[in-house]
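Below is a structure I'd like to ask you about.
By letter and in written order, the chains are A, B, C, D and E; residue numbering begins at 1 in each of them.
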Amino acid sequence: MIELQNISKTFSTKSGDVRALQNVSLQIEDRDIFGIIGFSGAGKSTLVRCINQLEKPDQGKVLINGQNILSLKNRELRKARKKIGMIFQSFNLMPSRTIAQNVAYPLKGSQLSAQEKEERVKSMLQLVELEDKADARPHQLSGGQKQRAAIARALVSHPDILLCDEATSALDPITTRGILKLLRKVNEELGITLVIITHQMEVVKEICRHAAIMENGICIESGETFDIFSSPKHEVTRRFLNTATNLQKIDELIEENAELTKLSDDEILVRLTFTNKETTQPLLYELTKRFDCCVNIAFADIEYVQGSPIGGSVVILKGDPEALEKSLKFLEESSIRVEVLSHV
Amino acid sequence: MSEWFPNVQGLWSEFITAFQQTCIMLVWSGSISFLGGLILGIALVITAPKGLCENRTVHQILGFVVNLFRSIPFIILLTWVMPVTRLIMGTAINLEGAIVPLIFGTIPFFSRQVESALSSVPYGLIEAARAMGDSNWQVIFRVYLKESIAPLARAVTITLVSLLGLTAMAGAVGSGGLGDFAIRYGHDRNMQDITWLVVISIVILVCIIEVASQIIIRRHTYE
Amino acid sequence: GCSSKTDSSQNTADVKSDEGSEQSTIKLGVTGAIYEDIWQPAKDKLADDGINLKFVQFSDFSTPNNALNSGDIDLNAFQHEIYLNTEKESQGYEIEPIGYTFIIPLNIYSSKYKSLEELPENAVIAIPDDLTNGGRALKVLDEAGLIELDENADFSPTVKDIKSSDKNIQIKELKANTLPSALPDVDAAVITGNFALDYGLKTEEAIYKDQSLDQPEYWCLIAARSEDLKDPDKKAAYEEVVEAFQQPETEDVFNNDFGGYFIAEGWNE
Amino acid sequence: MIELQNISKTFSTKSGDVRALQNVSLQIEDRDIFGIIGFSGAGKSTLVRCINQLEKPDQGKVLINGQNILSLKNRELRKARKKIGMIFQSFNLMPSRTIAQNVAYPLKGSQLSAQEKEERVKSMLQLVELEDKADARPHQLSGGQKQRAAIARALVSHPDILLCDEATSALDPITTRGILKLLRKVNEELGITLVIITHQMEVVKEICRHAAIMENGICIESGETFDIFSSPKHEVTRRFLNTATNLQKIDELIEENAELTKLSDDEILVRLTFTNKETTQPLLYELTKRFDCCVNIAFADIEYVQGSPIGGSVVILKGDPEALEKSLKFLEESSIRVEVLSHV
Amino acid sequence: MSEWFPNVQGLWSEFITAFQQTCIMLVWSGSISFLGGLILGIALVITAPKGLCENRTVHQILGFVVNLFRSIPFIILLTWVMPVTRLIMGTAINLEGAIVPLIFGTIPFFSRQVESALSSVPYGLIEAARAMGDSNWQVIFRVYLKESIAPLARAVTITLVSLLGLTAMAGAVGSGGLGDFAIRYGHDRNMQDITWLVVISIVILVCIIEVASQIIIRRHTYE
């Protein structure tokens, strides 16, 4: 278990102090996949760098399996670090080594035989689809290839903890999927704890069990991913999640007074959002069936996560005033969040 | 040949000896200074502010010692280190006698060059190595040295050529060598052909060093 | 005229020659701090006569002649005749001696042995590596019976001119000013007097004393450009310099400060 | 207009030649926003670097407004480059300069007065929300802040063409939105042609009018974004687009035999995808109304682009066999692609 | 004082003169060599393979000239450049006479150091500048020089200290200076106190240079 307790970190610069972290506390369970999201400059990288002591916090404790890593001797710290893999935001591959050598880097001093090492490296390169670049140097790689090499390097030594600082930002979505699958696999099979900084909400949705949201050096919210996604507590969190669906697009369209939002007299525009795990009834069917209300979907983003729908839709309801009223009432009772966006 | 180089024939065997002496001095004091300068340079870098083993006091003491030795005019250094030379080599003259002062003259110079070369390694790489659990020694060998081969090759070249210049002065303790040969015959006795012969052979030596270093640099430049 | 005799003439260092006909600067090239001491009486005397003698220090033996020939300096005083002639011949300089100064004996010293006879077989003897003193040192060794030089050798013999040596003497050429420091590393060394003096080697300690002080070829001299000597004014001034040097006060300096290591020679020629 | 004609580029490396570009031809209209997507290592960066001659193609022509940029004299090339802004994948900010100085860099030698320059820089920094970092140096910035500084630098000189190599990859989604808005604004107001390499399908959907898809150094498809999104011709394109919707997730769930896909006798699982611009009828309503077929949405990703729905949904249809059959027939006639994923 | 430094009192004014001479030599030949070496170093870098104005022939010729001048023992160089010195300075001796050979001795050295310093600028920055339409001159001034201030400061320091070493040899042409002073009195006349005095004052000079460069380096190191 990784426990961050009241971590603070301030950078002094000529133009004043930058309070990068302010009293951040987090708990990351063993074998968890923990996502950290937040605005650019919120302090995510700094936080993660505190875990392996690349950044010395001004205040607070970092406990890994109950051991305060800040009070470790050099030697013990090195040992601890060998069990913590890291994928850097800027890759930090060694320019003088080939990709294979870069990936083999952390294996130095391990118990493995030369042949085992070679095989391990080879299989890692295969996993990130870089076999053909084994003998290339980092400067000969594209951005995404560099990132994949960095991923391979971080995984090759089978660490207990893997810190990923935007590990898929330079990858195309298909490769990203592959990498995420790989990460989930190492998490499940090798029991590696993953701490993932990401800007991609898909990534969080896809693999993170827990997540934390940061803003201005403060951790404003953390908890189970599903809870955060279904019922965000904080305004910033909500804004982040909104970017992951297209349900907010309607606001823009309304603002722009787009064709779609020009409703006739008997229509209303409604945004429906699922808020808890239980909703599985075919709601729209009921509306039509019960109240003879015509439902036209303008935007929808619905997904089943662990058997429950998440997301929602923006629909145009059409019918006589009474039917509309009843429909809205019915929806509200079904523990669905209903927002009437416009009616004439 | 003998028209253009009237004195060369008579001095050919001495020229050869001088050449060998220069090579011996270069190789011996070059390789020992390489080691010494490397160690000292590394020590300067890792004890520097934000270095691996930041230590202000040690850094300043080392820096001062380097500056001190660089401040002593070489001719004076030659005589000053004589007791040390005798202790180590048994004699303070001849080739053996020249090597110690040459080392004392070269190490401080090379260590500054090494300091400069190692400082060009991006900090991110050091961080990456440390994050992977490398010990300070490993960071030094696997990152600092490995990633600065090109600038180190440049440093070695500059140092070897400077060392070549020092060997000319080491003639004072009877070490012989090309530079001394040129000064004694070419310069003092005004045998221009000898001077040219020596300069040409030194140029060839320098160019060989330079070409070798260029090859290393090209192999180890990645961008 | 008269007024210049007050303050400015006392200050000998930086007086420029264009300050009236009585005040002129003569630049004298020398090679070593010691020259400033031995020339001090002459400098004082010349100052009284309205001549500012300015020393230009060279640390190398070939530049003073080059500088003199090209007019960078007016006189130089550091070499003996043999060296001057070699230089004139090889470089085509047009300079010539105008008076003698002194001779410094080249004695043989040893930190290991008390006499020449004790020198072992294959003994290593160090001599100065410059042309000026190296050849003379060999002659001293010849004279001492340690080696035998080829009779046909130049006036300035080199190691190559050694025909034979009793004890198979090994000659080691070192820079003249490092010889005293290197004495422990060799069996014996021929050391120029001035360095011997400063490194605390007394004449009495020498295992062999230079006997060839009467050979004019080895007397140090003052040299001037031949062309200048055609100019009567300059010639007169230069002769005044020679005269000023060859005075008893200079000899006092030789004897009092330099313990007999400088010997006045050829002053009457 | 930017015309790339038969561009080829091969890198020679020790372990063989890398054919980074093979006969790529593209046309990018003035004032267009052109997206380039593709696998990591497909040659996107190389292609874009050919436009401003950072990479000399082995073959082919690059015409900008009819002028072959490959045959320009140094002086003219420099002039042309001044009109082409570029955001590098690795930012390439000058470490020795403050952020404000970095942003001011391209203004050197322009006609603007010192004050105008200062104002321009200030307003650019405001646009990318880095006013408070004006005096910081690049190494003091977070990844996303660096990227924003690079964006400001590329825009400050009001170029005619802006080449963006993954210009928003290090940004959180909210900031990304802001930047995209900014890019669209400069495109509309200043008439800047934008060439955008991106891995984020949202970005393409959001602002690109045209797009090209690359694979292995070949441009496999290009055209209007809507056309590509609604009817991808190439298998790779389809896979890319699929990553942008959740409609493909059902395949995984079926494979995993998840709860959701365990259907009762009277249910079928159907994927519906919109294929052309005309479909605006409330389809699901019709199904319920006409055939008394109960519709439950498992996944949905529907969006209106230029008044037409794009995307689709995965639905569970429930009803008697006849109703189901009629429903499917009706859907097929509505020019909707219908895939029956499973029925008992 | 006079017990420990018996000879210092009598030679104090000469020491001061020597100090001034050294400073004058350092300032003049230092600043001219700085310019010359910078230009030559830049030329070496931009004509190198993959450089801004890649030109194999020019690069090799420049490299050879640099090697040639570095190959000539300084004592010989001193005499060789005398005609040039006379042409430029009117005389080949004294301080004026020393400055020209010092420059000839320092420029090739410094240009190699500059080459090394500029080579540490990441290629991406050069590319960025070129993409922004910078001319070659602008790339040189706005990127190469600006981004390598720290390594350049190191190069200048190393070069100044080496130049200080050369001034000791420039005594051969009557330039005076601290090094020559130390050799003439301290070494040749065995006045150890003078040697120490000189070494201490050179160490102080070197330390001042070093500290100044450290300040510049720290200001211009960004990571």
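In the analysis below, contacts are C-beta pairs under 8 Å (C-beta built on N, C-alpha and C of every residue); 3 or more make two chains touch, one makes a residue touch a chain.
Molecules present, by chain and UniProt name: A, D = Methionine ABC transporter ATP-binding protein; B, E = ABC transporter permease.
In this text the structure is predicted, and so the values were computed from the model without any measurement.
J.: Going by the contact rule set out at the top, which chains touch both chain C and chain D?
T.: Shared contacts of chain C and chain D: E.
J.: Please identify each chain that touches chain B as well as chain E.
T.: C
J.: Per the centroid of Cα atoms for each chain, what is the distance between chain A and chain D, given in Å?
T.: About 21 Å separates the centre of chain A from that of chain D.
J.: Calculate how many whole Å lie between the centre of chain A and the centre of chain C, each centre taken as the average of the chain's C-alpha atoms.
T.: Averaging C-alpha atoms per chain gives centres 88 Å apart.
J.: Any idea how many Å lie between the Cα centroids of chain C and chain E?
T.: So the centre of chain C lies 34 Å away from the centre of chain E.
J.: Measuring from the mean C-alpha position of chain A to the mean C-alpha position of chain E, what distance in angstrom results?
T.: It comes to 56 Å between the two C-alpha centres.
J.: Pull out every residue in chain A that's touching 2 or more other chains.
T.: Within chain A, the residues that touch at least two other chains are 90.
J.: Would you give the residues of chain B that are in contact with at least 2 other chains, written as numbers and ranges?
T.: Expected reply: 79, 124, 187, 223.
J.: Touching at least two other chains at once: which residues of chain C meet that condition?
T.: 62, 177
J.: What is the complete set of touching chain pairs?
T.: Every pair of chains in contact is listed here: A-B, A-D, B-C, B-E, C-E, D-E.
J.: For the complex, give me every residue of chain E touching chain D.
T.: Result: residues 124-125, 127-136, 138, 142-143, 146-147, 149, 220, 222-223 of chain E touch chain D.
J.: So in the complex, which bits of chain A are touching chain D?
T.: Those residues of chain A that touch chain D are 11, 13-15, 18, 37-42, 44-45, 89-90, 132, 134-136, 140-145, 147-148, 165-166, 169-177, 199-201, 239-240, 243-244, 246, 249, 253, 258-260, 280-282, 284-285, 288-289, 294-304, 307, 309, 311, 313, 316, 318.
J.: Would you mind writing out the residues of chain D in touch with chain E in their complex?
T.: Those in contact with chain E are residues 52, 54, 74, 78-86, 88, 90, 92-97, 105-106, 108-109, 137-139, 157.
J.: So in the complex, the part of chain E that touches chain B is made up of which residues?
T.: 49, 63-64, 67-68, 70-76, 79, 109, 112-113, 115-117, 119-120, 122-124, 150-151, 154-155, 157-158, 161-162, 164-165, 168-169, 179, 182-183, 186-187, 195, 198-199, 202-203, 205-207, 210, 218, 221, 223
J.: Which chain C residues qualify as touching chain B in the complex?
T.: 61-62, 86-87, 90-91, 126, 129-131, 172-175, 177-178, 181-182, 184-186
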